[in-house]
């Protein structure tokens, strides 16, 4: 499983529509409108890196109104009560 | 439910330990080490705003090695196949 | 009560009109034109997070001339002579 | 009346104590811990500019743990249902 | 007397004309074209805050070619051989 | 006459003392504590460039508590009702 | 051999096409779409500096959709098991 | 194969030693000292994401003198004369 | 003699033509296309400050394709084997 | 001939001494203290890239008080009245 957090600054007039269009994309598990220096945050969970490339540089890149993105690709997930201390996200 | 995404730049030598300490905090649902201009991302899901304040300015603020944080508080969650189009996170 | 401080850079020609349009929005308690690296600051006080989402990503996003915003959502209010030391804003 | 909004990045370990120390200063009407790229926001309302100078470069400058501040001095307040359209803050 | 220093980045083709238009505004005491990360600096000295608001968000905001401004409002003037050590600008 | 505007971020605890020390330097005609993203602004007017070099990289550089400076050297002064349209500062 | 790493922010809609157009240029040995604060990274390996100038300011500059670039020119290559400790890239 | 480009600002006195220490790490295929706003660039090619995590947050994080890093994780490699147009890096 | 270093970000398609147009201006002694976060660097050596103003805000400001400039005005030149240790550039 | 422009922010107390130490290094043809967002600018002209590496990451890196550098390596020199229009710096 590949996990990525996509931070987006967007055209303010499209914020609600964009949030819904993003949430509707396969591979986007959650999409939040947020306070702070970004407008939207999308959590992406896909099977393979190929899916991430196809989603971020393919389908997301075609949406209207995304002005700036920063994609944070997870290379390790840490979770509570984790006996082995850490496990890879299997990216 | 209150959701927040906390972006962190941390002391590189503490990155793995910190990730685990964060993941072990009640209220932190996931913690990722990531590529990009931040080092760690924590997803927070708590019941009430009081819990968010207590977690971010209380317990997280006491951890060693967090150098800079940006807390993105969600004010709306968007999810797929959502008949009502949008629902509030109940923040 | 949910409190947020919205920092805005705006189209200079619209600064006075925008300030008044913002001040006229329900939920905006005060709006200031300021010196420094922002042009306008709006103080928002609404009942529920749903109202904040509707105000910031809905009505404010439709105004003309806002070029960049940073929304600081308060998660705790501190006030003078406060016997309990701190109380939540009830966000 | 002079109004100023002071945005602060602070030493994370001192965030709650600082917020209370700020709130206790005469001239600080409200102090919030916030999400976003600042940690604390103080609203200042004083009688005269002399009071602002004395508060910001005098008493606030002596507090421990404030790392970076940006002081936004209001030069005009806009409020709802304002028949005269705008009135000066009397700065 | 209210003093403010306005730092401006401007459309390069309008730099000389703008400098003169600014210098001709009542309330602007001096205007310099400068090297560094700004193009023009205007020194403003007006009687009251109302005049500052009217000048910066009114007349200056209507000039062509100003792309970015940062207004530094003085809250205290310090001068040489000053027996009282400091005096307020009477802002 | 050479004119320069020096923007300074300073150690907050030294802000008032520094302002006075700067104001007391020969060549500094005015020094302001300001709101915005700088703390102090010094206006320098000296006879020759040699004096500017000696002041900025010599005497000012020895003062305690100046953390960051940006020196804007004027290469042209524009003034009101100026029949010749522009005149050089004689830098 | 001259080596340079070119970091690019590009028009999101052209990201995949641009990546391929870059990869097809003689002198570009590899081109990656990446997560983080840039969109594309091109590795350039050419014979002489003249070739680098011709490639970066000539052919690459004519491609559509590159919005911002930062060219990092290598002045030394370090490689593993290198008995002489370091050798120049022969730039 | 997972590819990442790590941009580093480092302690200037350790630049040559660090470059060699990085180049000697298994998984770092090349390391360059570069001109521009970074000091060193390391190209990483490892088998699995687990190896990337172990290298970047483990072994590299223990080296002395790395002050700031930005890790660009490739999610797609584009190469010349590529009949299939694009292929995934198999990240 | 007045010396200034002008750092420029330019429209990529005009980079080579602009470099030549700049080099052809009287007062520009050298012009380089460079790697790093700027595209072009012009070295200016003129007799008097008036000439610098006329060149930078006059003739250079009329050229097509210069998007951002930062002018570094030298206030002192240091040279090797300099018995007097330092001499002013006679700015 | 390899040409590079090195922009430096330095410890203010060391500015004059550093300027002289830099000017005394073989390969540094000129060193200026400047106004703007850097403190010192060194022009480097050396025979081969090896010399640039040795100078920038070797001898310059050992000097006290240089806090941040940006090295702009020229890949093309443009000069006036140049019949061939452009010639490479022979980097």
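In order of appearance the chains are A, B, C, D, E, F, G, H, I and J, and numbering begins at 1 in each one.
Note that in this section a residue touches a chain if its C-beta (ideal position, glycine included) is under 8 Å from a C-beta of that chain, and two chains touch if they have at least 3 such contacts.
Quantities reported herein were computed from a predicted structural model and do not represent experimental measurements.
Superposition angle, chain D onto chain G, using Cα atoms only: 180 degrees, a multiple of 5 between 0 and 180. Homomeric contact chain B/chain H is classed as different-residue, with under half of its interface positions used by both copies.
Within the list B-H, E-F or C-D, B-D finds its counterpart interface, over half of the contact pairs alike by residue number, in B-H.
With centres set at the average Cα position, the gap from chain B to chain F is 44 Å. Centre-to-centre separation of chain A and chain F, using mean CA positions: 47 Å.
Computed from the mean C-alpha positions, the centre of chain E lies at a distance of 27 Å from the centre of chain I. Between chain C and chain F, the centres computed from C-alpha atoms are 36 Å apart. Residue numbers of chain F whose C-beta contacts span two or more other chains: 16, 19, 33, 35-37, 53, 56-57, 70-73, 75-76, 89.
Which chains touch which is summed up as A-B, A-C, A-D, A-G, A-H, B-C, B-D, B-G, B-H, C-D, C-E, C-F, D-E, D-F, E-F, E-I, E-J, F-I, F-J, G-H, G-I, G-J, H-I, H-J, I-J. On the chain I side of its complex with chain J, the touching residues are 3, 5, 7, 16, 19-20, 22-24, 28, 30-38, 41, 43, 70-82, 85-86, 89. Across the complex, chain H meets chain J through its residues 12-13, 15-16, 19, 33, 35-37.
Of all residues in chain A, only 4, 53, 56-58, 60-62, 66, 69-73 touch chain G in the complex they form.
Chain contact summary for the complex, chain I toward chain F: residues 2, 48-50, 52-53, 56-57, 73, 75-76, 88-91.
The touching residues of chain D, counted against chain A in their complex, run 35-37.
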